[in-house]
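A short worksheet on the structure shown next.
Chain naming follows the written order as A, B, C and D, and within any one chain the residues start at number 1.
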Amino acid sequence: MTTLTASAKKVRVGIVNITGYVGVELARLLFLHPQVEIASVSGRSSAGKKVGEVFPHLSLIDLEITSEIAEVDIAFVALPHKESAPVVVSLLNKGIRVIDISADFRLKDNTLYPEWYGFIHPAPELLSEAVYGLPELYRNEISGARLVANPGCYPTSAILALAPLAKNSLIGNHVIIDSKSGVSGAGRSPSLKTHYCETNESISAYALEGHRHLPEIEQELAYFMHGTKPVATFVPHLTPMTRGILTTTYASLNTKQISESFDTESLKTLYGDFYQDEPFIKIVSSPPSSKQVWGSNMCLIYPTIDKRTNHTVIVSTIDNIVKGAAGQAVQNMNIMLALPETTGLESLAIYP
Amino acid sequence: MTTLTASAKKVRVGIVNITGYVGVELARLLFLHPQVEIASVSGRSSAGKKVGEVFPHLSLIDLEITSEIAEVDIAFVALPHKESAPVVVSLLNKGIRVIDISADFRLKDNTLYPEWYGFIHPAPELLSEAVYGLPELYRNEISGARLVANPGCYPTSAILALAPLAKNSLIGNHVIIDSKSGVSGAGRSPSLKTHYCETNESISAYALEGHRHLPEIEQELAYFMHGTKPVATFVPHLTPMTRGILTTTYASLNTKQISESFDTESLKTLYGDFYQDEPFIKIVSSPPSSKQVWGSNMCLIYPTIDKRTNHTVIVSTIDNIVKGAAGQAVQNMNIMLALPETTGLESLAIYP
Amino acid sequence: MTTLTASAKKVRVGIVNITGYVGVELARLLFLHPQVEIASVSGRSSAGKKVGEVFPHLSLIDLEITSEIAEVDIAFVALPHKESAPVVVSLLNKGIRVIDISADFRLKDNTLYPEWYGFIHPAPELLSEAVYGLPELYRNEISGARLVANPGCYPTSAILALAPLAKNSLIGNHVIIDSKSGVSGAGRSPSLKTHYCETNESISAYALEGHRHLPEIEQELAYFMHGTKPVATFVPHLTPMTRGILTTTYASLNTKQISESFDTESLKTLYGDFYQDEPFIKIVSSPPSSKQVWGSNMCLIYPTIDKRTNHTVIVSTIDNIVKGAAGQAVQNMNIMLALPETTGLESLAIYP
Amino acid sequence: MTTLTASAKKVRVGIVNITGYVGVELARLLFLHPQVEIASVSGRSSAGKKVGEVFPHLSLIDLEITSEIAEVDIAFVALPHKESAPVVVSLLNKGIRVIDISADFRLKDNTLYPEWYGFIHPAPELLSEAVYGLPELYRNEISGARLVANPGCYPTSAILALAPLAKNSLIGNHVIIDSKSGVSGAGRSPSLKTHYCETNESISAYALEGHRHLPEIEQELAYFMHGTKPVATFVPHLTPMTRGILTTTYASLNTKQISESFDTESLKTLYGDFYQDEPFIKIVSSPPSSKQVWGSNMCLIYPTIDKRTNHTVIVSTIDNIVKGAAGQAVQNMNIMLALPETTGLESLAIYP
């Protein structure tokens, strides 16, 4: 069906664990990417089957799912945390550049892994080398990286929303992050939690005792905050939709720093300047809905100031599987390959 | 179909504007209420039709929709704000007790009406008489009231969540209220906002410049707060489901007031004590989902303390059309009639 | 919360396998039934827990889930097929009347069990005694029955739609039944098929090679068809909603039997007469939506004739868990106990 | 954001009525098409606004919506029926090739317009010239056409499902078509029918008295049926999802024509041969779900024979806005421009 012809030699990429929702979205995006070729895909329970047997909509990808991926130029690792780290080490040792979708190389402080993820990190020496793959903040570091730690979906939506405030010292050190995610964030394995009848017509908060994405958010906010240690209250919510994250963040204004006349318009200008050259970030003039980014790599941000209470309220939205996972990984790959950053990510949101 | 027999003389009730979602839910609940009889219902565009013509599931209610309701003992007024006030005045003048579902008699300070609702109140003298119809707080006042102002759906979920904190001076005066509502809260009139294709698979924040339920929340919190003026940051979200509100509230702990050892368990005990005799409030031990109250008059509350940040995070959930509107109105009626408060409201949540 | 007082001595009922969607719905309905008392409930994986631990919305039912039910007057058996039969036999042997929700006693011909359900029936001698629990057709037989086989959800919607045609010889012997069911029909056990992300925004046909409800439908149609053996083409569809079945049936008109002037209006009259005293069946004058019966025990039927093609097209809808399972079981129980048939089933559909 | 460079001179295309769901989908697809340039878009209520003001996700399309479109090479007309015809005539008179999405040029017999659409056709002389834009059947005629009548969404799913049967005389002349469509098929104008709360958790049949797509289906089936006049019973259903159509067709086997041994496998082979070179049609080996084509231009077909009843049951599925409207229109444009037929339509279905 595709009319692409292999003119120049394409970069060979591999997907480890294609059978999860991120793996399958990587396959969709990479299949149409003009500069790469999906050379190898691996899976666990589905090893031995053709891609199209497991995912009919991907039947044009004429590959067998193997238990390990073959030699490639770049590997995307879409395994669960803890399972990912040893595979990443093994790939790096073969000279393969890696974009890891799991959390295994996102945290710089290895003592956080036992606390938040329940395992002792097997390769702590790689944590400083790994680059946190948020292109809007670390583009230069990503370009030459051997190992990119692709950010979590919640942190992507929260950090992009808060970075301009943190960088400019506009807020106090405590932020409240109220995130609403679609069900695909819970993964493809069936469970009562993801059963249609339990989730449809229902919204709930979870992980109030502390979600694993919290240290990642605090680590990255600290990067900007000039020595102040930020603390975050973070409450994720399971929302009855397949895709999308909408995050509403609240923080007190640093009124010492800013003048009386600083208002929502000033804030929008500041955000516009901060992200002016970013192809995937748009500052919007009315509250965004998650549908406006459905299927695309865009992040929409709506910054406001509540003068009554001297707080900023920032709403941001992404597609959790695209900008929150697979799309961002492709964006990172483009940077690593010195390709235009939007290559293969031009699709607009699907509406309605 | 019903086997109820009119043993004792029943109380005659009327529903003004039966054709909205609250009106139709009132009809459903009151039809099966053993002590009352729906004697008259009015509507605007549907006047002249039978109830069952407009709402097939209510065809057992053998009444014609009229343009005005007849003489009844108690009237439920389910009109939009501003339209409600003159009708309420007229009913009161006829000696009819009124439960007003609109916002027209909720605020005590009449200067708030021009600011938040855009009209000058036509009967400010009634504002002090009107009782705010939250039975858990004003049961005694409701019992003898001539006019009950039924609370808004968002305020019900927020005030019930925060009342124990405010009453016990456990929090600072600023609260953040992040609410997620189903689409029925937007009413039955078609609009692009409520179009299935615009709303399905999408969540959005709205009214960031200030939602009309805000002054109502602040007014009621102030009632408890011993002279401190509370301020609230309130952000409602439109969620892709028909019914339900889930509200997550955040407030800083008043650490002067409470000891180091005060923790989530202490808070749960305090909430349990505060609401111990309430038939429609339950303190739950895991985060509730809105589906757990679907179709019922229950409010579930999950109180927690985030020790890392010294904040309380309280999650509450109600069915916006039942405890958030029609069910609460029936509860108020029961109190006004000295009936057991749960009469006609015994239905459990529908699951799944 | 309930204000019911145990005036007369109540009938003791038990629910075998309360933890499935039908079991939990039985609990909801029976809890508010004024003439019965839930005396015992059993479950498998949840044995030893309180009902409210597993289902928070049922926490008013103060019972422990046991591995077997205690002595009761009537037992509802909500086990999967094949597992049900031996339990039913054991209960009958204890003198307990049984309403079996499974398919194990619905078919009269025991040779159909190996063919359609893959097991040899362990108690074929009970098949002739068991009464097919469709009250509209077998009310008299149900009243004195020791064992009622509660119909399947699809058959209920199809047989009620077709019975007036079959009885009056208005159609040929081949019928096409195109049914659309909500996801709860697939049960509460998690699977990829019922995963929210797989089911939402998707509709599919299944079991085209022959669904297990087919012989049940043909058996009951044959009952009416005066010696003609009916054959049915039956295709069920999985629809992205929690509850509800809408069935569209197609059959050629028996033009020998009916006059030229017989039209849709004549057909509606015929249906109206056929079901005139039925509290749970309503012939409607515009195409029904499944939402119009959501949560209620009603069946709506819309009969039409397509003159262009000389076919009848009948649309019927039920709530698959109520009239298609638990509600119909309670209706059967009422008949067995000589109670008014609508007792405990008066709730109107929930809208919106 | 896009990295496309205008190497060769691009074809200038226009979209009449961009503000409906088909118009906006055309914009999404054409914006990324490498060989065309969206040169002009028109709308009615939104004239004077920028595209991005009305549809934020299309803000990269830097055009003002005008009341009429400018001179272009090809125009897509996405107006409602009756409104479309005069606009099409006017565009043709300017020498612009037209792809009309409405029904105004689909029917060859002009007497059908008053009967089914309620208006007298203003340009009946064009009906014979207009080519029915189903590429799988009329590819040659489309290539040189001045006016293409893009098929309806239901007819596309039904005709593609039935064409191999009709062409090979495998079925009798009566077919039953039971179609289930997502809500976007009802258009973007708000109405009670498309209100989220009315549609969610509900399925319904409609237009049982005769849907407007019926004559279109019969016309095209007749094309194949060697002089036999086909008649169709067609019942559309409104399904709670945004996109997608799943159609289940039933027809009696022409047992004179086919041998005893002809079975489902034989039928699959016949379908595979019939559509072997079609890039957008896939014969699948298990029942398809509408999600498998979500956002793509594919049509999946699952052909079966029910030996018990000697009927064929064919299940087909498309995305109603893509292969059922905008995608098919782009496919037609590609043929008209002698481009590879898949250009701009390579996107795979979005999953989950």
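Everything below uses one rule, namely that contacts are C-beta pairs under 8 Å (C-beta built on N, C-alpha and C of every residue); 3 or more make two chains touch, one makes a residue touch a chain.
These figures come from a predicted structure and were not determined experimentally.
Equivalent interface to C-D within the set A-B, A-C or B-C: A-B (over half of contact pairs identical by residue number).
For the pairs B-D and A-D, the larger set of C-beta contacts lies at A-D.
Our note on geometry: subunit B versus subunit D, Cα centroid distance of 46 Å, whole angstroms. Taking each chain's centre as the average of its CA atoms, subunit A and subunit D sit 36 Å apart.
Each of residues 21, 182, 184, 188, 197, 200-201, 240-243, 288, 292, 352 in subunit C touches at least two other chains.
In terms of inter-chain touching, the protein chains here all touch one another pairwise. The touching residues of subunit D, when paired with subunit B in their complex, are 21, 182-184, 188, 190-192, 194-197, 199-201, 240-242.
Across the complex, subunit C meets subunit B through its residues 1-4, 21, 24-25, 28, 31-32, 55-60, 184, 188, 200-201, 242-243, 279-280, 282, 284, 288, 292-293, 295-296, 298, 300, 340, 342-343, 346-352. By the touch rule above, subunit A contacts subunit B in their complex via residues 174, 176, 178, 180, 182, 197-198, 200-206, 208-210, 231-233, 235, 237-244, 246, 248, 250, 287-292, 294, 302, 304, 306, 308-309, 311, 313, 315, 352.
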